[in-house]
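The structure under discussion appears below in the form of structure tokens.
Order of writing sets the chain letters: A, B and C. Residues in each chain are counted from 1.
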Amino acid sequence: MVMTSVQYSLRALADHVGGVVHGDASLSLHGLASLEQATARQLSFYNNAKYQGQLTATQAGAVILHNNDLSLYPGKNAIVVANPYLAYAKIAQLFWRRPKASAGIHPTALIHPSVQLGYDVSVGPYAVIDAHCVLGDHVVLGAHSILGEACVIGADTELAARVTLYFGVTLGQRCMIHSGVVIGSDGFGFAPHAAGFEKIPQLGKVLIQDDVEIGANTTIDRGALDDTQIASGVKLDNQIQIGHNVKIGAHTVIAACTAIAGSANIGAHCMIGGASAIGGHLTIVDQVMLIGTAMVTNSINEPGVYASGTGLLPRKEWQKSAARYRQLDALARSVNRLKKQVEESKHHA
Amino acid sequence: MVMTSVQYSLRALADHVGGVVHGDASLSLHGLASLEQATARQLSFYNNAKYQGQLTATQAGAVILHNNDLSLYPGKNAIVVANPYLAYAKIAQLFWRRPKASAGIHPTALIHPSVQLGYDVSVGPYAVIDAHCVLGDHVVLGAHSILGEACVIGADTELAARVTLYFGVTLGQRCMIHSGVVIGSDGFGFAPHAAGFEKIPQLGKVLIQDDVEIGANTTIDRGALDDTQIASGVKLDNQIQIGHNVKIGAHTVIAACTAIAGSANIGAHCMIGGASAIGGHLTIVDQVMLIGTAMVTNSINEPGVYASGTGLLPRKEWQKSAARYRQLDALARSVNRLKKQVEESKHHA
Amino acid sequence: MVMTSVQYSLRALADHVGGVVHGDASLSLHGLASLEQATARQLSFYNNAKYQGQLTATQAGAVILHNNDLSLYPGKNAIVVANPYLAYAKIAQLFWRRPKASAGIHPTALIHPSVQLGYDVSVGPYAVIDAHCVLGDHVVLGAHSILGEACVIGADTELAARVTLYFGVTLGQRCMIHSGVVIGSDGFGFAPHAAGFEKIPQLGKVLIQDDVEIGANTTIDRGALDDTQIASGVKLDNQIQIGHNVKIGAHTVIAACTAIAGSANIGAHCMIGGASAIGGHLTIVDQVMLIGTAMVTNSINEPGVYASGTGLLPRKEWQKSAARYRQLDALARSVNRLKKQVEESKHHA
């Protein structure tokens, strides 16, 4: 991890997350690491039985864990909490030392005179901000940010270096947008005619609410007529594609490389595994979990866990299975015929 | 949608698309919206029986529809046309008010003295244009455009902000390239040897013809020996990957996140669904449609509609099916043995 | 291909790769092309029986091929070598004439005074290099490069235009990084709690060793606690996603659009086909080959070739097969029951 000079006592860290100290409360810790890599002055955490061997062997100065697991780590320094993963997240925030954006506006940033800037805004070198944009307090725009006309950025939102917003994009408060993200590009709409295709102008906008995180190189298209909408607390990983007019409900989490076609309507509190593909003009209700590489071609009307795909096989076996897959309907019909024949032969016997 | 102050009478809009007015031809309309969201001064369109309920309930001032559907919308204001979707596209173009690129060359743009600029070219801030590039009339380069040596951009082509062309890329006329696109990067070629891999220099170029649209963060590699070629009228969505030496025929449309491996040769007038994967060194004839997430490992020699994948299942059922998939060949052999046994028992009976 | 004025005799080219000349050793060649496109002053190569027809018909001035194939190309000019593909790579390097980066630092590049620059470093226009970065000798940074704090770039490494490194990224020597790449963005980590999600700070770094190539728009996340690590000689194609804490062993090659989830541990000398998806917290041993679109959900403990998916079908057949896939477990149970019944009826007979 990135080295920092900050340190905390085990007591202070436990207090920060409402945990109970076991062992030496005065122990001074200067960072976090995995069970495997942690040293005597670092804290680690344990919340998965898969890593029990690593817990036993760890050199960590102390470990965050659940009361039920304390017996696996007897006589050592520990912080006991109800939710070790959440406690780890909160303590990691104490040790987080990202380079600070320079306060203020870099002299090379090009900002249209009509732009409204909040208090304590930071704009990196070579940023370009078009007319009528509005930036809230404490907004941070990284180097090479590009904001089209009339974008609105809520307070405490940060754009990493090289994020591009087309015109008319709204971001809420406390959002984090990573490098290479493009928001507000044209949706994919073309009306076929005799000589080719007629472009369908994309007249809608993109509305993103508060506390949304968007991963590197993700793309979000503007709406065709109505707006593309992403609700509060949504977390999008890297290289996700969101088509025009998609709606994503609050606190839904989507892993990398997922493709969502136009006008899909995804509920709240969903968890979508990586490299999934979701078709257009369909609805997924709240509380749906998709296992990675899920292929969704119809609406999902019941909460639950869904998956698709064949699993992985050695190539030779795969070739056989894939060949049989083509004949699966014929095979099933054969079985049905056999059933009848066997039934009949019973009656004859 | 983005608000505009422009308005048209129903008569004028119908005339623009060769349609017939029903109802109040003098009605003044100031925009387009979906059936669900349109208000009394907005136009909408109907071309899909799925949305018949929305047609009945719409508050739209008028609707574009086909003569066959007029009875579903009796006594209301309408524009009747043969192709409502195409008419919608053309009318939407009337209402399209994107922020205009500033005419002229931004003073921060770095343009090599050998570059040839056409009439009325617009180059955004911090663009970098290398030696021997040629830009046609009315070309628009967005902020942060980067053009390597000897690129050629046809008249009326627009690059959104932050598009990168390596050296030797040719774009035709009236193309639209979205943010984050990279064209002309090295194809993926390495010759294995005892100690690792030898880089295969990518000596080819990229040739893109007229009226091509390319979506955000799509990547197109230069050829290894010959050139990567994309014909007129091709439309590529976001985050598509085109390998070296790929050829794509005229008016083929490819949805987002599709991956096309090197030297694939794709016909004209194909429609390729999103998140499809097309293997290298294969041919797809004209007029092929692939359903999204199609996996193409062999040439497709007949026009038609193709698909692959298993569809989506609840996880527990999926686990059972996936486990059985591994045994599919054994299952089919069992059925064949059973058939024989049942046949034989008949003869014995 | 890009035209060059350089030319070599067939003898000189053969000598360069330790090959044997057949035919006119004094023939002067000015470039390479495919068998199909090569002209009388160009060299081509042959190493795949699929292209035997093209070999017979080629207009190439000479062909690189294996001794075993010489009889297919009798009486012509040839370079005979043990590995024609490798010889082609090495000869292509002779003909490679990419535009040279201007030596020196462009006046618009913003370089923090604490940055250490090696000998003969080239930094393109509008690059931004933060504090405490260290660049080795002959490093080339393209236009619009962005380096966060404390990045280290080894000697002879090149970043194409518009590459973004977050803080604390290390690249080895002789690496090639293509446009749009983002390295060091936050891994995707959020701890669920009652009101939504708590961000897990990503405290790790990214360590990339020597001779690594990374394709356009690929993203590599920094580690959560420990570091994301990519070993020497790894080749990554375009639009690949590497999650936090992933480890990739030496000389592994990964084709485009592959997604690798967090904490996956991939061995050395693997070959991973395009659009594959590899789950998190699993291990793949050395020498594994995955056919494109492989879906890996469990560790792979044996070297070998693996695949997944159903293959491509005409849509109507696919619909039937996909429907039967849902019932595959029931079908297999039916077959087992039938087996028993047939066995029993035999005993009764």
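As a working rule, a contact is a pair of C-beta atoms (placed from the backbone, for glycine too) under 8 Å apart; a residue touches a chain by one contact, two chains touch by 3 or more.
Please read these numbers as outputs of a predicted model, since none were measured by experiment.
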| item | value |
| --- | --- |
| Angular offset of chain B relative to chain C [C-alpha, multiple of 5 degrees] | 120 |
| Numbering shared by both copies at the chain B-chain A contact, with half separating same from different | different |
| Whole-Å separation of chain centres (CA-atom averages), chain A against chain B | 25 |
| Shared-contact residues (touching 2 or more other chains) in chain B | 126, 144, 162, 180, 217, 239, 257, 291, 309-311, 313, 323, 325, 328, 331, 335, 338, 342, 345, 349 |
| In the complex, chain A residues that touch chain C | 1-2, 31-34, 36-37, 50, 83, 85-86, 88-90, 92-93, 95-96, 98-99, 108, 124-126, 143-144, 160-162, 176, 178-180, 211, 213, 215-217, 232-233, 235, 237-239, 250-251, 253, 255-257, 274-275, 291-293, 309-315, 318-319, 322-323, 325-326, 328-329, 331-332, 335, 338-339, 342, 345-346, 349 |
| In the complex, chain B residues that touch chain C | 110, 126, 128, 130-131, 144, 146, 148-149, 162, 164, 166-168, 180, 182, 185-186, 188-193, 196-201, 203-205, 217, 219, 221, 223, 225-227, 239, 241, 243, 257, 259, 261, 277, 279, 281, 291, 294-298, 300, 304-311, 313, 317, 320-321, 323-325, 327-328, 331, 334-335, 338, 341-342, 345, 348-349 |
